[in-house]
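You will see two complexes here that share subunit A, one where it goes with subunit B and one where it goes with subunit C.
And now, the complex of A and B:
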């Protein structure tokens, strides 16, 4: 097994809302291995973005990380990111230095009033201490690397003068400026059209190979997962319900939710003229979490008297896990 | 850029012409004119005016023609000779009535404006960044009170306390012994001693309003994705605030210049009256009461010019600040 780069254990993040405290992330365990791609997949509101934001301590004021540890193994010695002081230099070095991050809406993630060059040069100078001129040279080089044509001209363009795809490339250039060992991509292609999406994915893949960095890719698109992932974590209502290597997951999904998700992926040719299978019901409001297993009201295989009463155990299948009562009697199950 | 400015200047001229027409018509709308007002004044003093007196006066003031003829006379004089006409009430040229006050008005206004900005900006930023803190609640409450209290009430409260405690009414901008003196240190000190009162009175409302504008804008901006993104790439909090959300939050601040300028010029009419400030506000009020139409029209025209110029200035500033405005939506 490769060495762990980032280890999330028992992460709880919740938000104060008008209706009460919402537990957006409710006990997540994840590991990102050096050089590998972990895809976190799930429906909207399942807590995947909040998990990503918790890593770099980007949760807004109304929310807070209540419990858990996030251990970073990329430095000289491992440390818990969550226990760092807000002014700790290690946190400043992580943000944009060791960990680069790109977001869902590339246009909105860049300040429209400053050129992409200004925002890129600023980040380069923060993390490398380069002079203005050297940083600009480096910025042009980076923009070229991420496939922006005529980088020496585009460096002085404002975000609103570029397309969404170009803005995302600029964001990637910013994320890469200090050669990070981990890139967190929070649904980076959701706001882009399909052809642009494919190009951005190709770019991320080739950059990953080139820089030998790990990628934590957050998406709700199983097609993207199949294309990119080494490992997959499926999230539902703030918990990781299944974790497996990508080929195992697609070949033999264990958790009923994963099965239902995979069944609802359209297949070209096969599905012509018939309705796609869907998961019945809707994602419950996290304020009123169903008792027991939070998926049981929508689950086809739910066991009455068990699933609606007690939380399902995490079952270990030699390196992959699923949180479901169906496998509870397996050997090695942690009840 | 030159073409842009030229086009703007042309629009400005057209706007001003339209304003002048409307202003003139509205001023002449109430029944009667300056002579009727004069007649009423004399009859109060027990001196009736005969019909022929009235007719003579009308002719002397040029009030016997049609409304359009009067307007034409007034506007051509302004455009061709820069002559704003005669003030009936003060029986001297309008320029001579306005000019000495204009300097004071601008001085008081500018100082108030600068102090207002200097106070409002840091307070607004503080209360947005430290939202839900004790300081924020204090500022918001004070701002609410400041906005809700009419300025003239604050002025009256000031006068009440200065009479009960100091035994004198702080009126005008200078004490009688200094008013006609030439400029020296004593007069400046005396001026400063008077200036703080209108500044506080006019300034409270302005500060409260601006604090709210800045606070709300900044709160909106602080939640934008670009702030999170900048934080994620390691921009330290101080520069982050200055270089990202504050720059965007400045926009509405700048666009207020257009309407803040004329408001400052009239000062607050009622406050100017109560504190007997030598600003344009009280003059305008007097002119309207006496139906002194050339004077009233000219004051309003001066204000309109300032408004239009203020708008142009804020447009240019916005263009300089915000590339989205400067560059339009070109790709």
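And now, the complex of A and C:
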């Protein structure tokens, strides 16, 4: 049950910008287990989207993956996605086949000049080799499955004729058309209303149960995390600062950033009319990454002379990890 | 709020946008963005305005600050009807009612430095100049947590949270009484939202401000608002004190909205009875009779689909008296 499906080790992805080279992802280790949901939480600039895009080799031209391995265990034998040639058939099979991906802005991610049906049929035919007519039947079936009413009519609609929630469902249908073993969802509900979000999350959950699909869900919303995740990775400025099972993370956060984040978010029924604990400052520009631990200038528990100088150790707590010097003397701490 | 003094009274406000016009330029098809809102804001309170995208909450806010013309109805501010003011009088009312916008990245002119942005309302009204202008800008910047040293910098060098402080400073520098804040924290990083919410609370206490706080985020509204109005399809469907609304909603839409909010506590997973609404929104250019929510509502009966349903006892629902609706799930156990 708990076998690794996707293993990211030491991933470094950086971008050339006008102001210099930005290390967007700076040494990320992550594992997605078959049939499970991994939520990646973080704020803008933490590298969560770049990590996802690196998996499918979708990093833009100005960026490059500099180091690391991304091992796919979903095939007959494991291979490193990063070492594949751009023309390798295995890569084409992964994209949209074994790995489906949903992007944040449904309106911007669908082609505006083609009907959703055309976009869906194309993907189905590429990955299954079905004929045009069969693929169209399958497309209608999929649109129905993701909860689009009157799918035989909507299949000929252009994206602008559908609401944001409907477009997002169409994207999910495209991502799911080849029965992927991993679904990567990059903030798929952020642009949607809560009521629509509730239905999309419900849909992802039920599809997951049906197909035993693994999900890597990227979000900044801790509520969504609590609801969906089996495991959580908290990212800050290009690194995973804490990783734990969802119950452990919420009940007993270890990293000061996780603690502060959980405390600062207003929760229904808990924070009526009261001042909220805050995290000072703002997320730094990754171009000017603070020395030592990236979080130290905002950290309430920072140790002067240590946190601003040394990179924090990754500490292992029986299966969960946190990158923080506070736990450095724990047994099993690896430098 | 010991004695409630009305500051703004909105009566039967309608805002319609023409979709098509006939030969004579008269609208033939119109979208009803706001259709008959009655709402009173009391001095010193925070009224939260929640609802999904397209419900008319932003249009209502823009109409209050004068950025959008009302089609009909009245907005009485301190006893005077804002819709019937002359241009000059409108200018004066703009000083008393100010707006903070959602997106701190697009709402600041990138070619103006902070001195120009924050000082602009004072310059435009001719209220201050020279050293006095400078002093007032510096004072306002300090008040919202920005160092006056940044006065000559441009918006691009600031983070989202800092830009939102600039937005707030610009709104407050002319000493308004009413601030309409439209999703002021939605575009911000989670870790800086709390800073801005606390700042808004502080400034309210200090300057005796009245807020209309527009947001789709129910947890943020609960944190800040004294009373909450829920909008659906251009109308207020429920209006109540914050505690009452969240614990005992009286409109099925409010109940559904609250049940959809994910709670950051995995131990509550599954305990929350989630209501999944079908997404059959009525056509805003041809509103149905009766309750606009009826076709998505699990409790709807035939009588919900006819006639005009008034806002009675805080809810625009014919069944609200007989329904026992579910409020929020208590999350008090988690963290102090």
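We adopt the following convention: the second predicted complex is superposed on the first by the 334 of 335 C-alpha atoms of A that agree within 3 Å, B and C clash if a C-alpha of one lies under 4 Å from a C-alpha of the other, contacts with A are read in each partner's own complex, and residues count from 1 in each chain.
Here, a contact is a pair of C-beta atoms (placed from the backbone, for glycine too) under 8 Å apart; a residue touches a chain by one contact, two chains touch by 3 or more.
Predicted, not measured: the structure shown is a model, and the values here were computed from it.
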{"item": "Fit or clash between subunit C and subunit B when superposed on subunit A", "value": "fit"}
{"item": "Which of subunit B and subunit C A:14 touches, first, second, both or neither", "value": "neither"}
{"item": "Contacts of A:31 with subunit B and subunit C, given as first, second, both or neither", "value": "neither"}
{"item": "Touching partner for A:199 - first (subunit B), second (subunit C), both, neither", "value": "second"}
{"item": "If touched residues of subunit A are counted for subunit B and for subunit C, the larger one", "value": "C"}
{"item": "Subunit B versus subunit C as contact partner of A:108, first or second or both or neither", "value": "first"}
{"item": "Touching partner for A:265 - first (subunit B), second (subunit C), both, neither", "value": "second"}
{"item": "Partner chain(s) touched by A:123 [first = subunit B, second = subunit C, both, neither]", "value": "first"}
{"item": "Touching partner for A:174 - first (subunit B), second (subunit C), both, neither", "value": "first"}
{"item": "Minimum C-alpha separation between subunit B and subunit C after superposing on chain A, in Å", "value": "9"}
{"item": "Touch list for subunit A against partner subunit B, complex", "value": "53, 56, 58, 60-61, 92-97, 100-101, 103-105, 108-114, 119, 122-123, 126-127, 158, 160-161, 171, 174-175"}
{"item": "Subunit A-touching residues of subunit B, taken from the complex the two chains share", "value": "131, 223-226, 228-236, 243-244, 247-248, 321-324, 327, 329-331"}
{"item": "Residues of subunit A that touch subunit C when the two form their complex", "value": "43-44, 149, 163-166, 193-199, 201-202, 220-227, 229, 246-247, 250-251, 260-280, 282-283, 298"}
{"item": "Subunit C to subunit A touching residues, read off their complex", "value": "52-53, 159-162, 189-195, 197-198, 201, 216, 218-220, 222-224, 226, 242-243, 246, 256-269, 274, 276-277, 279-281, 328-332, 334-335"}
